[in-house]
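After this come two complexes, each holding chain A, first together with chain B and then together with chain C.
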Partner chain A sequence: MAMKLDEEKKAKVKLAVKRRKKEVYTPVIPDTQLGFVHNNVDCIGCRACEIACKDKNGLPAGPRFRRVQYVEGGSYPEVYAYKVNISCNHCAKPACLPACPTGAIFKRQKDGIVDIDSTLCIGCRRCEATCPYGAPQYDPEEGIVKKCNLCVDEIDAGRKPYCVMGCMMRVLDLVDINQLRQGVYDTKAIAPHETPVRAVKNFADPTLTNPSIAFIPHSKGKVE
Partner chain B sequence: MSAKDISNHITSRLNLTRRSFMKSTAGGAAALGLGGLIETRTAKEAKAFAYEPYPKDDELETVVTSCAHNCGSRHMLVAHKKGDVIVRLSTDNGSYQANGHFGKDTEEEPQLRACLRGRSYRQRLYSAERLLYPMGRVGKRGEGKFKRLSWDEALDYIARKMIEIKDKYGSTALLDQSYAGASYGVLHKSDQIEGLLGRFLGMFACRTNSWSVPSYQGTTTSSRWTFGTIEDGNEDDTYAHSKLMIMWGWNPAYTFHGGNTFYYLRMAKQRGCKFVLIDPQYTDSAAAYDAWWIPIKPNTDAAMLAGMAHYIFANNLQDQDFINRFTLGMDAGTMPDWAQNSPNGNENFKDYILGTYDGVAKTPEWASAICGVPADDIKKLADMYARTKPAALKASWAPGRNAYGEQYNRMAAALQAMTGNIGKLGGCAEGVGKAWHAESVAYPYDQYANIWFASIKSDRWAHCVLNYPNVSREEIGCWPRSDNTDGMIPNIKGIFWQGSDWFNQLTNVNKEIQAIKKLELVVCMDSTITPSGLWADVMLPVATHFERHDVALPWYKGHYYIHRPKVIEPLGESKTDFQIFTELAYRIGEKDGKGEIFGRTYNPKADRSYFDNPDAVDEAYLREWWEQKVMHHQHVDMSWDEFKQRGVYKFTFDKPYVAFREQIENGKPFTTPSGRIEILSTELAQIADWTRTRYGYHIPSIPKWIEPWESLNSPKTAKYPFHLISPHPRWRTHSIFNNCSWLRETYEQEITVAAADAKRLGIKTGDTVEVFNERGKVVVPVYVTERLMPGVAVIYEGAWMDLDENGVDRGGNPDFLTLDEPSPAGAFAYNTVLCDIRKTHLEHRPGWDQLATSRAHVFRRDL
Partner chain C sequence: MMKLCQVIVHATLALGVITLAQAESSNANLQYNASRWDPIHFKPAIDSASNEQCLTCHQEIIDRKVLERSPAGLLPEDALAWYQTLDTYEGEQDTFHRRHLMSDYAKEVMDLRCNTCHQGNDPREETANSSANGDTALTQRKHVDPTLCLMCHGQYDAQIMGVPPGDWRETGNLFNFDCLTCHAAIRTHRHQVNFLKPQAIEDAAQSRKDVCFGCHGGRAWYDIPFPYPRHAWPSAGPEIPDWAKNRPTESTARFLATPN
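Now for the complex of A and B:
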């Protein structure tokens, strides 16, 4: 259920709102930025990552933190298909964060994880509307918005998120996104001859929020 | 409990605020807020992360186990539990095996990562459909009205009825329809041959067996004729060594059949392997492996293969040395002398292909007219296959689930042999594809196992029941017996389903509905309510594999064992199959006056207290199996206790496991009658009277193209213009998991229609249609795509039937349209179906609240 605000919380929210009005949002520049890399071509679209995520986060039917999108095109018999697999991109400039009226959304300094403090979320769903990637997901049972937090408990325990650890094809990985872009991060998600890109078709313009994600694109999924 | 555990325990008990917990874990978080929104004064405590409190993995007890259902593989599931509740499941991370560490994932010992079905297991375990108590029917059969029974009432009723039926109708009156549904393990096994039910009914001396395997009987029979075994498979790591992979009707991206098959194929691709897919659908496998897609009309595969064989012979591209050394009947030079006197013809394969006998050369042009593939493509593929070494022609099961499906598999084997790709790394002789041989039976598999008094083709039971006694043995495929009951038609009066949803899953369900009304006892043993169970008289709640002790093994590919401890206590009053049969055996002994002998012999390590506490007995069986079979036969030096502690044992081989390597490299004979790869089957060549065989009808001695009874080439298309195929879905294992909401979000039970057909019919994605033929009607939504050959329609098998008052299936189970007419060799003709499609006002009933379920995001072209 949506949090019923007691006096203490109300005061906190007031403080946060006041602060928000006063300050211009300056993005957190994390020590390192974690992000996903996904191979659009080699992914078989099995959605084991989705189910692992649902199970990890104990989600009911409805909210889906991770969404494997099926893209297909061409005309019979010259057809093609590929997958674009995204959850939250833990953006460098998250659109959701300044949109939150209660200050529930924050970005972690250490590794750039963007998360929602469920004790402050009032379920107004503004973040849902501002996110270009559909990451925030409304949970109708609890009346709050939830989203991928990179399995922060697993990260803190020195492991990787459930979706990555569940990927049967090893095409989804969690990486230091800057190292990956510089070509110095080794991951099974990328074959030796492949170069990751920042955006593909069916994915919102990355200049909006500078999402921390990289793709190996399908030849039909490349953008200029 | 360690100090940390105690602290965590207290924390959770006291329900301390969410905030307290991040203090201890994320020191770095205190530094949050430089330039951010966080006011440092109030941010002295770190932020909680969303929807906490929930226990972290390290606060939970970790138990290694596996999934357990009928998909061919068994992958690792790691249960994280609190008390007696499984909080979540993870999978292999490389740390559990001997010499493992977190993240270890090598080519030799890859992680055994579970698929989406396995990952959703908690939803099945704790589902609303979970069967918790014995249930007895109170309404009409199939009406779905039950009341709760005590175990005493349920078992007494079954025991009494069993005795009554046997006394009245004889030893064939109870039909064994056990299958590998939810109970697959070395101890608690459900299976047609090795299953617990088979041994139970056999010892009771009343059992009709079902011998044909729905998924792959055409393939099984073909492999036995050709290679003398169904173990014609390579381990999946060998795929990484292929230069060409021809996926014939094979979609590993959906089936996950085998430990890491799909992953090794990715390695092959990275190493330069080229992929080809022959399939009416452009599947996700084709997309992921960047395959050359060759769309083909369903049920015409043998014709295309014959066309390829013609090209290879005509251009002299065959590996003649291999043919001469290893094959029988491939050409005139490899024909045995005795064949001249064969009652089933003296033809060799090459001359058949070249048209020597019938004047019809099976040229690519001839094939093209049948299969719809351009002759140039057939030639190009044949050329590629003949010239690329090593090349794998992976002839999967689906095209064999057809009228004369066995001929497709035999034809493929002939091509594999003529190109010399058998017994070689990177080649392929599959076929069935079962590879490494595991020790698979821990329960007493002795002289009492698999006793039967009649055995019929599995999809002919309804025909047999409805027409008894006016049934001929060939109609039902009676397996021959060497005593005076040979050919006796079974008088079936009762059915047992153990780990089996066959009523929903066999062919022509409407005929089954007629037949089941004639039975006197129907028992269903399963962990959940199933569509079959609703037609039973008694439903018995069976413990899931999380609730009993066992060991899992992949029966298909992969070389490992996974320990399955009793992770939690059985929910409700559920018991294991082994407990139920043991107790039933004692009760039957009480009633028929034969005492405890049945019970004691059925479960020799147990006494009657087994029904209340099976743990020590199960442990004894498993330990004996491990120490005497696994350690002894397979040279494993890990002790049973260490295995239990680790949870997994992964075998490593000196060199990749390739079927028939010994035969090809060292001249060991094949296990066929001739010791050769039998393109000409010795068995078939000797048969004069087909009615006295289990096949019932004629089968040529060599692989031949035979026109199926329904296809896009038959005149019947005037009335029913679509060829319906019903492949295995990704989001269910057959019918298992149909009730899981997480999986429901990944698919819809729909009919796939080609864009060109949809345009003609005026239907678009999301419309609801009725799909029908003379056998039945189903109602499903439509998915329109360019990824399908026009004229073909696809409905994935396994949807739970949901009949309306007019007998129309609103759930979308394609088996209301399939025909219960098996191929001579026993192949189910699941994919030999013509039907028509039209828009309807009838509502599809998905069995799920679709409003509560967010649907998959699919970006399709503007269709």
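Now for the complex of A and C:
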């Protein structure tokens, strides 16, 4: 049993922590890093992945771990539409993790999954604010933040997450992000002539946190 | 007969009540949707919105506090994050918004307004770019562009400063942990923007060593430093270093305007 500190000792501990003051944050470098690939062009926007995710995680109306976004534009006859589908990108350098004051957010050494133990969440919503990709979701009913954990139980059982399993177009997949980026992984989400990219139009700057995601971009969604 | 009458009266009353409730809720629904699509959430109205205007509907941004305890029983007062060991940190655990708008330190050195950060959002997808005529400058799935946060939450850029590589908390002892050792003379034209209090920052830095570092590496959750504009300063030499060749020489225009 941990010793319980009385008020006076607690204040002393806090002061000591303050005086030491050389607290430096050291990021976790995982052995491998899992990441998603999404084909923006072939996705039909049916949102089966979103619903599978809500079902798996028992989410009420409001929080959406995965979100399919419809991007439309142009003017007749040159109109276009494509989808961008993002949940948590399980970043190499997540911004949510160092911002969390309680240690509720952690990154797995084994496969780089960024998970949250929401029972330790005090609802300060710092992770929600710092994440450049809108992953952490506030649940107003419980007053805490929840997020995608890549269906870690499924991963540990050797399966893919619910969103990937639910995708009828096979435009969403998950594997070691390096294999995806090097183009050595055989998946229906990437056609032989397609090359995955790190970011698409209006996706936040990937150098902020190095998100573990690859896209097959639409011609109108390309950046650079 | 009497009975039937009563039933009818009751039924009519009940119906009446239902209709009224329905009317009320559809009215509330209308109001809610009208508020979501209020022009204040879009350009150009958002640019001139005052905090007070936003707060007439969003007072909870200021009122909401952290939970008294987490679901597992963790007390906020028992938590202290690594960045909360800076000498500028005071008070209890608080929400993200309150730390930027309400904390004594925030109010001392900054003057952030809702629209410093919020540049609009598209209610259709609660985010950017969901339609051909939507605001295309917005960031996907975010209400606020994170590069804005990077100005105050980026890495400390040791490389360009000619200081030893590594974390300032470890290398700063060479300079007695005082940024002003160099910055009393270098890049002295700084912080002349509408969301900072430049004189208050310099004053605060005289007595607290972590003031400068706090916004320039001490609370860095992003992997990169911010590419600051490079204003001319009195003792600056004529040549421009390579890393600065593409830098603007003035702050972003919207940060120069006087806020309402």
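In this text, the second predicted complex is superposed on the first by the 201 of 224 C-alpha atoms of A that agree within 3 Å, B and C clash if a C-alpha of one lies under 4 Å from a C-alpha of the other, contacts with A are read in each partner's own complex, and residues count from 1 in each chain.
Just so we're on the same page, contacts are C-beta pairs under 8 Å (C-beta built on N, C-alpha and C of every residue); 3 or more make two chains touch, one makes a residue touch a chain.
Everything quoted here is computed from the prediction, not taken from an experiment.
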item	value
Chain B versus chain C as contact partner of A:V152, first or second or both or neither	first
Dominant toucher of chain A (residue count), chain B or chain C	B
Touched partner set for A:Q69, first chain B, second chain C, both or neither	both
Which superposed partner A:T102 touches (first chain B, second chain C, both, neither)	second
Partner chain(s) touched by A:V79 [first = chain B, second = chain C, both, neither]	both
First (chain B), second (chain C), both or neither touched by A:Y25	both
Which superposed partner A:D42 touches (first chain B, second chain C, both, neither)	first
Touching partner for A:T207 - first (chain B), second (chain C), both, neither	second
Touching partner for A:E142 - first (chain B), second (chain C), both, neither	both
Chain B versus chain C as contact partner of A:G123, first or second or both or neither	second
Where chain A meets both chain C and chain B, residue numbers	20, 23, 25, 67, 69-75, 79, 98, 103, 117-119, 121, 142, 144, 202
Chain A to chain C touching residues, read off their complex	10, 14, 17-18, 20-25, 67, 69-75, 79, 84, 86, 93, 95-96, 98-104, 117-126, 128-134, 142-144, 201-205, 207-210
Chain A contact footprint on chain C (complex, rising order)	66-67, 69-72, 74, 76-87, 89, 93-97, 125, 127-132, 136, 138-142, 144-147, 149-150, 153, 167, 169-170, 220-224
Residue ranges of chain A in contact with chain B within the complex	12, 15-16, 19-20, 23, 25-29, 31, 41-48, 50-52, 54-64, 67-77, 79-82, 97-98, 103, 106-110, 115-119, 121, 139, 142, 144, 146-147, 149, 152-154, 156-159, 162, 165-171, 188, 191-192, 202
Contact footprint of chain A on chain B as seen in their complex	18-19, 25-26, 28-29, 31-39, 42, 47-52, 54, 56-58, 88-91, 93, 102, 105, 113-116, 119-120, 122, 252-253, 256, 260, 262-263, 266, 269-270, 282, 284-288, 290, 293, 295, 730, 741-746, 754-756, 785-790, 849, 852-854, 856-861
